[in-house]
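Below you'll find the structures, each written out as structure tokens.
Here chain A shows up in two complexes: once beside chain B, once beside chain C.
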Partner chain A sequence: MQAWLAPKYLMWLWQGFGVTVWLAFTTALAATAAGFVLAIARNARLGAVRGAAAAYVVAFRNTPLLVQLFFWYFGAATLLPDSVMQWLNAPHAVQLAVFSVRWPSFEFVAGWVGLTCYSTAFIAEEFRAGLRGVPAAQHHAAAALGLTPLQAFRFVVLPQAVRISIPPLFGQYMNIVKNSSLTMAIGLAELSYASRQVETETFKTFAAFGIATVLYIGAVAVIEATAHTVTHARARSFARR
Partner chain B sequence: MKFKTLAAWVLGLMVTVSGVAHADRLDDIKKAGVLRVATFDSNPPFGFVDPKSNHIVGLDVDYAKAIADRLGVKLELQPTNPANRIPFLTSQKVDLVLANFTITDERAKQVDFSIPYFSSGQQFLAKKGVLKSPEQLDNLRVGADKGTTNEITLREKFPKATIVAYDDTPFAFAALRTGNVQAITQDGPKLVALLANVPDKQNYEIPPFTISNDYMGVGIPKGETRLTAFVNDTLKGLEADGSAAKIYDRWFGPQSKAPLPRLFKIGDKT
Partner chain C sequence: MDWSVVTGNLPYLLVGAFPDGPLGGAALTLVLAVVSALASAAIGVAGGIALAMSRGVVRIVLLAVIGFFRAIPVLMLIFWTYFLLPVLFHIDVPALAAVVCALSLIGGAYLAHSVHAGIVAVGEGQWQAGLSVGLTRMQALRDVLLPQAFRIMAPSFVNQWVSLIKDTSLAYIVGVGELSFVATQINNRLMIYPAQIFLFVGFVYLVLCTALDRTATYWLTRHASAARPRVSVTTQPVPGE
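Right after this comes the complex of A and B.
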């Protein structure tokens, strides 16, 4: 038995890894922004906004991600007009100076939308937990110092809330990396998809899935290291004050 | 006694060896008046038990019948499963195997094959008018089943095609319906079966070309050159007088349950 994979198959895995990283990264960015807004909406003064935000969290946190992905890829696609679907499925490129920016495949778009909507609900809950973790006395003290509610939120509550939220937030980023593997079901050629494809062609099961596992572990380890660095840097900067 | 046993062994061995050397199953069959053929009994439409008559019928059976008729002998069917096809031949339990028997180099080491009489190929299913020729595949998004040889063949032959692999054929078909892919690929007979259950099947078509083919031939014991020649001549004769087309139409024709255009004719490949 030849123990190792041909360079062609390693390239497949590497490209798949690239898609996984890019999908997880763009999802993390979008879900963090959306989750932050959602967390604030959950504390809004308007009851309707609060209710809508709570309903969103219930809907997206309590349904399986796989079903959501199928919904975006197969279900939402049937609701869109044919011309839109044709546009989404055709390749598009924009020339920006030296770079050619390619519109991603519909599989990527559907995967990104699905993963973002799902992760947003979890990240919003992490932020909310962070906000609630700031004692009420801090709000009162800020008010007593003459800060407006917005100032109190920006300068007193938010820095503490972010500090509480960061470790679980990075945990969610790790989940995004791992959850991205489900997009293989809608045909997105990410790492899991690539490893299965390599396995099919080479029958080197151990090598194909082994390499994929190592790459996932690597990606998650990088996130963990980043989380460690960020929390320690923040702890030091707080200590200096 | 011991010597006698040994003598019997030697004699037996000699008979066997000479039997191999001057194999002539064709004469044996004619002498016996029976052609023993192994067919499938649960693989429609190639060989299956007809619930009405309780007899094995099918495309393979029709060909077996035609060969027996040409020999002027009775046909005796032996039901088999895929794994038993070669053992039946090598152990001389049957004279021929007609059981959707794909010709491969590996099998050809153990048994001989006639010229192919049936071919099943990798085909495509697309919305009407989208796919006319194989060259178009390079510019299309094509859905395939994960882990199938179809996916591998398509990638090898059309490297520029965008291949999206799904967990199974129904998923691939769902993607075709929603327009995520413009065509899906599978073996022709499987696509026909899939299309048969689709409510709006008039919107779809299976373009009449294949990008790879499996050829099915008659399995014949190794070294039976006269029998092989006879089977080949019979198959060519069936094609020439139109019987082969009639047999095909009975199982895959427009009126059948699984209509599939006949792209392969006996003699196209030898």
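Right after this comes the complex of A and C.
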């Protein structure tokens, strides 16, 4: 139907995919850590902490990611002091052994912050569901054995809660990959942005979007396979005991 | 904070250029959400029933199609419908139709699994009971299974519709004048107070989403508590499952 894409454009798509993977990966790490803290905060003894955590979840879950990204990209620039903005916009490099790690562009930072804040709210809910899925009898049993509340949480409740939350957690990681496509709206050159750009330059609509779609499906399939492996490995290790 | 930018542009944010021009802003967001919600519910119910009734190759094809729509970002599907359909079929696809099409397909794919899960959760016993009183499979599905299944899957529909409201913001990408688009228009024109604009827009989405969520939850719990004494949906765990 249409001739294949020139290597230059394939390179664009591949680099875009690299940005998507890197953004999704760093977001997943940060959002998992922050989501875990938020889930604990939702069960805090202090009412104010519980309320603040619940408000965070409602606010970030019920507003579109696109609007949040616009807020971080356009709004943060006016709210932050000028010196900080200048530092963020200027290139920086960190020398790590043989690798030179470049400080990412402001688009990447804004996209990362927006995506992380958004995903944190969802991941916190998955952790909370996991914590609630552990029967109350487990708390009582741990207390009866003489464990302190902290020990009971660390050694009895947490391992079971994590096991419950792992499958939905991987579902959230897939959502992060898919949601990362929205950062094209703030000009981050990730996969969707690259496919759009290739399409505009070459008019090979089918090839440009086809490759991007296959790459997205590939990324989601890899996460699905990882989830499958992790849950089955755990199931086997529990069966052996 | 100076909120005059919001109050000054309030009519434009809420209804766009209406009544002098086309409907836009939050009103168009609502229209988009309602149309896509209805379409996605229809696709979801049809898909879920098809999943429950089909066997063999048909079922595998169906699962693959649904899997495809669940694996790709909404943005990618909007690209497909908006840029590719005109190239393939030489028809002019209005941006609004492309977005409704993409949102309903993706929402429908997610709902198909919820509907299927709802039908499965009602239990094999209900199927057999329906068939043994002489109903055909279709009649059993319509008169016995679905009325019970709808109660089980109602929360999934509400969740899906809430995320649908948020996803209407993606219409921004193809230039549909809904709330996010008019917000960026105002932001690009003024280039001051972006934080206020996007905070307000986020707040409008927050109100829409929480209103839907709360009303639906209230309505469902009231109905569920009223219905529970009459209908008991207890599914016996099947040995070996």
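Rule of thumb we're sticking to: the second predicted complex is superposed on the first by the 239 of 241 C-alpha atoms of A that agree within 3 Å, B and C clash if a C-alpha of one lies under 4 Å from a C-alpha of the other, contacts with A are read in each partner's own complex, and residues count from 1 in each chain.
In the analysis below, contacts are C-beta pairs under 8 Å (C-beta built on N, C-alpha and C of every residue); 3 or more make two chains touch, one makes a residue touch a chain.
None of these values were measured; they are calculated from a predicted model.
A.B. asks: Using the superposition on chain A described above, determine whether A:Gln86 touches chain B (first), chain C (second), both, or neither.
C.D. replies: After superposing on A, A:Gln86 lies in contact with chain B but is clear of chain C.
A.B. asks: Tell me which partner A:Asn179 touches in the superposition: chain B (first), chain C (second), both or neither.
C.D. replies: Only chain C is touched by A:Asn179; chain B is not.
A.B. asks: Report for A:Ala59: first if it touches chain B alone, second if chain C alone, otherwise both or neither.
C.D. replies: So A:Ala59 only meets chain C here.
A.B. asks: What is the contact status of A:Gly187 with respect to chain B (first) and chain C (second): first, second, both, or neither?
C.D. replies: Touch partner of A:Gly187: chain B, not chain C.
A.B. asks: Does chain B (first) or chain C (second) touch A:Ser165, or do both, or does neither?
C.D. replies: In the superposed model, A:Ser165 contacts neither chain B nor chain C.
A.B. asks: Which chain, chain B or chain C, ends up touching more residues of chain A in the combined arrangement?
C.D. replies: Looking at chain A, the partner in contact with more of its residues is C.
A.B. asks: Once chain A of both complexes is superposed, is A:Arg196 in touch with chain B (first), chain C (second), both, or neither?
C.D. replies: Touch partners of A:Arg196: chain B and chain C.
A.B. asks: Could you tell me if A:Gln68 is touching chain B, chain C, both of them or neither one (first, second, both, neither)?
C.D. replies: A:Gln68 contacts chain C only, not chain B.
A.B. asks: Is A:Phe106 touching the first partner chain B, the second partner chain C, both, or neither of them?
C.D. replies: After superposition on chain A, A:Phe106 lies in contact with chain B alone.
A.B. asks: Applying the touch criterion given at the start, work out whether A:Thr116 contacts chain B, chain C, both or neither, answering first, second, both or neither.
C.D. replies: neither
A.B. asks: For chain A, which residues belong to both interfaces, chain B and chain C?
C.D. replies: In chain A, positions 74, 77-78, 185, 196, 199 sit in both the chain B and chain C interfaces.
A.B. asks: Under the stated contact criterion, what part of chain A meets chain B in this complex?
C.D. replies: 73-74, 77-78, 82, 85-86, 89, 105-107, 185, 187, 193, 196-197, 199-201
A.B. asks: Using the touch rule from the top, collect the residues of chain C that touch chain A in their complex.
C.D. replies: 68, 71-76, 79-80, 83-84, 87-88, 162, 166-170, 172-173, 180, 183-184, 187, 192-195, 197-199, 201-203, 205-206, 209-210, 213
A.B. asks: Could you list, by residue number, the parts of chain A that touch chain C in their complex?
C.D. replies: Listed in rising order, the residues are 58-59, 61-68, 70-71, 74-79, 174, 177-182, 184-185, 192, 195-196, 199, 205-206, 209, 212-213, 216-217, 220-221.
A.B. asks: Over in the complex, which chain B residues touch chain A? Could you list them?
C.D. replies: 141, 143, 146-148, 151-152, 162, 164-167, 171, 174-175, 177-181
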